Amino acid sequence: MKYGLIGGGPGSFIAGVHRAAIDMTRAADLVAGCFSRKAEKNRTAASSLGVAFDRIYASYSEMAEREAAREDGIDFVVVATPNSTHYTMSRAFLEQGIDVSCDKPLCFTVDEALDLVRTARDKGLFFMVTYAYTGYPLVRHARELVRSGQLGDVRVVIAEYPQDWLADRVEDQGNVQAQWRTDPAQAGISCCVGDIGTHVENMVHFVTGLEIEKISATLTTFVKGRPLEDNALIAIKYKGGAVGHYWPSQVAIGRENGLAFRVYGTEASLEWEQETPDVLKFTKKGHPLTILTRGGPGLGPEATRWTRLPAGHPDGLFAAWANIYEAYCNSLKNKIRKKTCDEPEVFPTVADGARGVKFVHDCVKSNRADSAWVDAAAPVL
Amino acid sequence: MKYGLIGGGPGSFIAGVHRAAIDMTRAADLVAGCFSRKAEKNRTAASSLGVAFDRIYASYSEMAEREAAREDGIDFVVVATPNSTHYTMSRAFLEQGIDVSCDKPLCFTVDEALDLVRTARDKGLFFMVTYAYTGYPLVRHARELVRSGQLGDVRVVIAEYPQDWLADRVEDQGNVQAQWRTDPAQAGISCCVGDIGTHVENMVHFVTGLEIEKISATLTTFVKGRPLEDNALIAIKYKGGAVGHYWPSQVAIGRENGLAFRVYGTEASLEWEQETPDVLKFTKKGHPLTILTRGGPGLGPEATRWTRLPAGHPDGLFAAWANIYEAYCNSLKNKIRKKTCDEPEVFPTVADGARGVKFVHDCVKSNRADSAWVDAAAPVL
Amino acid sequence: MKYGLIGGGPGSFIAGVHRAAIDMTRAADLVAGCFSRKAEKNRTAASSLGVAFDRIYASYSEMAEREAAREDGIDFVVVATPNSTHYTMSRAFLEQGIDVSCDKPLCFTVDEALDLVRTARDKGLFFMVTYAYTGYPLVRHARELVRSGQLGDVRVVIAEYPQDWLADRVEDQGNVQAQWRTDPAQAGISCCVGDIGTHVENMVHFVTGLEIEKISATLTTFVKGRPLEDNALIAIKYKGGAVGHYWPSQVAIGRENGLAFRVYGTEASLEWEQETPDVLKFTKKGHPLTILTRGGPGLGPEATRWTRLPAGHPDGLFAAWANIYEAYCNSLKNKIRKKTCDEPEVFPTVADGARGVKFVHDCVKSNRADSAWVDAAAPVL
Amino acid sequence: MKYGLIGGGPGSFIAGVHRAAIDMTRAADLVAGCFSRKAEKNRTAASSLGVAFDRIYASYSEMAEREAAREDGIDFVVVATPNSTHYTMSRAFLEQGIDVSCDKPLCFTVDEALDLVRTARDKGLFFMVTYAYTGYPLVRHARELVRSGQLGDVRVVIAEYPQDWLADRVEDQGNVQAQWRTDPAQAGISCCVGDIGTHVENMVHFVTGLEIEKISATLTTFVKGRPLEDNALIAIKYKGGAVGHYWPSQVAIGRENGLAFRVYGTEASLEWEQETPDVLKFTKKGHPLTILTRGGPGLGPEATRWTRLPAGHPDGLFAAWANIYEAYCNSLKNKIRKKTCDEPEVFPTVADGARGVKFVHDCVKSNRADSAWVDAAAPVL
């Protein structure tokens, strides 16, 4: 297949992760792009990426139109630009009938999110939102354990995502990412929940399938003068009676990317941490803890399928990204072949993106009401 | 010194821990007791414990009176009986001018608790409530790190106490402790918060000195038919702006006695877990994590003082109990010598016990109001 | 029962561990002693330990004779004095028909060791050598796993005991223990192997039952001017074809009391570390790793029996010592009752002590021959 | 740059790792190949890899000649074929003046190895042997710590590489890799040492720079009927007085790819494990353990340079491979530009490969002499 890229000019970071992941799958080649708004940078990037000059575009809208018009146009587009542009860019490609893979967060408002969900659905397009942590094999195994009933009914979820990179006022010290993450104009109504709280929400939903019913959120800005929160304590009541605590933080000194979840059910429990992604702790009631490892004994076909290196050889986050791209590309290929959107493989979708946007808004709403409990059902999609 | 014991008849458990701890300190000898309400069991216990028959008592009240009247009466009494008896027994000894060491929870109501606090204070008596986890040397070092300002201002506290022994309806299967812990008549208004949530509350207060301002608690009874909660999710707003999440649970499959806290300040963070008590993780801002170990380098005099075995030789929970008893007995000796209650050593006091009782009530109050936020300042003592 | 103590005067350390352990068992009372060669210190110690003055002795020989002559004499003696005195003291009590518990190493020469073995056997006495690490419940479970065949045939053993307290020339800086440990006159022919290599040897033998056939040892003195070795690399060929590596070290910076073993069999493997004694890692072939914990599920009666605190509450090294003393005291009681030495409970014996002495000598012999392989069968007992 | 590939036909594994790593560096494109000896498979592979049909070759010798003759010929070749072919293939490309990257082990005999070293040197060619574990950023930091003197003089090295995939006779159950690894005709004189012992040797040499002086090796075949060893215990005396224990094993049940080293010096120690490659434990004398993490504080420029993802996001083994390829490709580019072989970047070279071959032979030699100590100086290169 062939894909195009929005973003990824000199100096960018995340676009390179998309590219490395797609390279690893060997499922698609980069053939078109709008890498930078500056013509020279656009050409420089194209050269280094091996993209022909007649497939470089000055704007995303031109790119969407012209690629859609070509017989050999791109099969999908990767949107790897700042958050504020996701909605309009993604929508432009959907309009042209081009499948989309977009960074998270999906967009700024719930209405925008629902619009993207509906547009993709109406047009029969696959829209991936790159919650890539769900590509780790043991996360997929965790999900299988819950779905197959081995945990019984889930009772309690404890999940978190501590970081420390915003523990000080680094936005005043030239940290560009800190500048836009803490700027409401660019980041939207939330910093900590929007950036990493959504990963917690997505991960828990992916693994457990639980639906949130009520939220009480305490968003705190610990670094003075910062307009958005840098820490969140979120209490959850799920439909059906389970309860949960989420803790995303950007001021937790000593913590790097500590996304982690623990799920306790009536029959078993499991624990996973992103920084050691090849380990899943699983305890059946009345039995000792077992340590499941990627590629090791005791796993099912889902975990095995997404394993790129033998047990004991860390395949890392690049492989997790590659896994969601492989599922996405397989789904696209299948759609092209069978002419149906039914039964795509498992990848994080625009619906997951919309769920995340709604979650951010509900947390902010609760916080503004002195952390009161608010109804927080996910959007009906 | 000499002490007496209420409880500890054949088949009891916790009284033996008190005794082993006091033995380890070599600070006091057991000379009197009311070990059981049954005369024969009382004598059997006395025999095996080396207590003279003329110092066995049929009731706690008789014991309090007669020991107080003796020239060579006990210096303090250990109350190691079921919760519902703590208040009246402790009060009887205080009335007679005898210092008291009592199991937690201190009592059932805040009024009772405040009464005990005032009585002890008015009479110049030392009243220890055996929150023994505060005796671990690295917990004491953690406290010193906070007090000496090395953490800066505390921003976030994440603390928990997961267990799994009540994950099923074991109270119907002959588990005696489960029977009374889940019975409101014997355990009071709370099971999970009362038993282990109070340890979380006490530990966080001991280490950080933070005062709770507001609480939102979600108490859940996951095991059907159980009249008291077996899981609690508690959100805290402290005075001064810090926030916290506490999670005590008795249904967390695979967890044993997972009391743990993590404290994040403006300058550093620390983490500690009760199941590996000789390790304290400490990270200064901008530096890598350091692993402090009991007896190892980098500790201060407080940690060193309470270390009973060389580094790398686990001294365990018995030693933690011995530590609080050593601090208590030293304080008593000092009081006797100097005739003043000023400057006792650090041990968990009746005020800590009262704080715990208030915490339980505030959690229950919030939960009954659909987890609404309630004012939850500790009692003025 | 009643016991006497040699050593344990003011300032001593290890005698206090013996006492705390025996106290924890409640199996015996200290009634006699020769605590110090200085009369005043002897009396001071007796006072603080509650020993009557007529049971204090100026010499071990006097004590042995007079206690043996008393109707109510001690049931056993604890020898907690420097190494060079173990042989003569232990022998004196054996001669008088008194059972003995002695610190390790047992003595200096293999002949002495064999003499003690034979004397104890001939007189029907129980002689414990306090390899107390074998008292940890999960070490006992490890032994049961091997004995019950769950490991199949053992193939490889990797064991070690790294410490760092001799990484510098602390014997010149007033460290008394370093002075005698590194002094051949007081420590014998070996420092590192004698002190901690013997623990490795004993632990591996206790758990696996393997018999050493050949040894190649490289003993190194890394700290200049020290007359005895401070590090040892020992390769082992066991009878039956298994092989092993032992590494005791006193110069391993950052390590405290890192006694650890890993045993790999044809059917399963296990790993244990002294610094986290309540955890045993067990992996059956083709299955994921399971983490067994003291007091937790999946253990047998032997581990359960020696557990003094519930799962998740560390009972520490004091409890391990208490366990070997409980097994020893039970054996003594049984001997007194049944008048037979048959079927004592499991405690480390004088035969284990002799095995250790032989091991030290074989390591030194190999090292003196440029680390050549030497025949190193354990002494026939 | 442009590269060619020998091996990597349908069903192969390791060639894909080479390709993914080179892709990640974006330093070179695959333009030529001899992917399989079967013409059809050769074409199938070329198609899927995007290699033009006129750059497919029926034999490595034809490829070497014709690529050398082209103006736009490959800059280097990747040899990813079974061990027995490494020597002749690599040599053919060197002869034609083409730089080589070859899998380990380099070849079968020390003479072959030395011939390759000299040929590469004489022709001014860069020859990488893909000991890719040396590409992990924290391994490079460990090396810097030793080289900068922070460890002082190294005293003791404990290193190992336990696996369990050959714990049973899987070569009889259709495991193709097991078949050739245990077959002397294809694997040479050693299975366990040749395959993974060499990684231990290379890693220790890379990090510490220590030169081996003497070896005593015990190679054991635990699985009956297997002609080569599946476990090795190797004792080392290094030049200068340091000592070491190496333990590679293929029968260590429960272990996956447990390459690990611990290095103890006069001033500090460090520990690293391949399965958690982003963590390096570092302890300075008299200080607590610090946990260094990839991307985290406290690292130097070398570790920072080779970091592809932010701290806390595992970049895994693919990134380690990419790192050695990036160093290799940078060196090639620099050579082309400056016309000198001086000062290449750090990658594992043919000299390291030769050192590994010599190590295998010395281990086998010692083992055949009943594990006697043999002189084992690395080859003079």
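Going in written order, the chains are labelled A, B, C and D, and every chain counts its residues from 1.
The rule is short, and it goes like this: contacts are C-beta pairs under 8 Å (C-beta built on N, C-alpha and C of every residue); 3 or more make two chains touch, one makes a residue touch a chain.
Please read these numbers as outputs of a predicted model, since none were measured by experiment.
Touching chain B and chain D at once are the following chains: A, C. Ranking C-D and B-C by contacting C-beta pairs places C-D first. With each centre defined as the average position of its C-alpha atoms, the distance from chain B to chain C rounds to 35 Å. Mean C-alpha position of chain A lies 56 Å from that of chain C. Centroids of chain C and chain D (each the mean of its C-alpha atoms) stand 44 Å apart.
For chain C, residues touching at least two other chains, in rising order: 255, 289, 293, 296.
Chain contact summary for the complex, chain D toward chain B: residues 286-293, 296-298. Within the complex formed with chain B, the chain C residues making contact are 17, 20, 23-24, 26, 48, 163, 255-258, 274-278, 293, 295-296, 308-319.
In the complex of the two chains, the chain B residues touching chain A come out as 155-156, 158, 160, 162, 164, 167-168, 216, 218, 220, 222, 231, 233, 235, 237, 241, 243-245, 247, 249, 251-255, 264-269, 281, 283-285, 289, 370-373.
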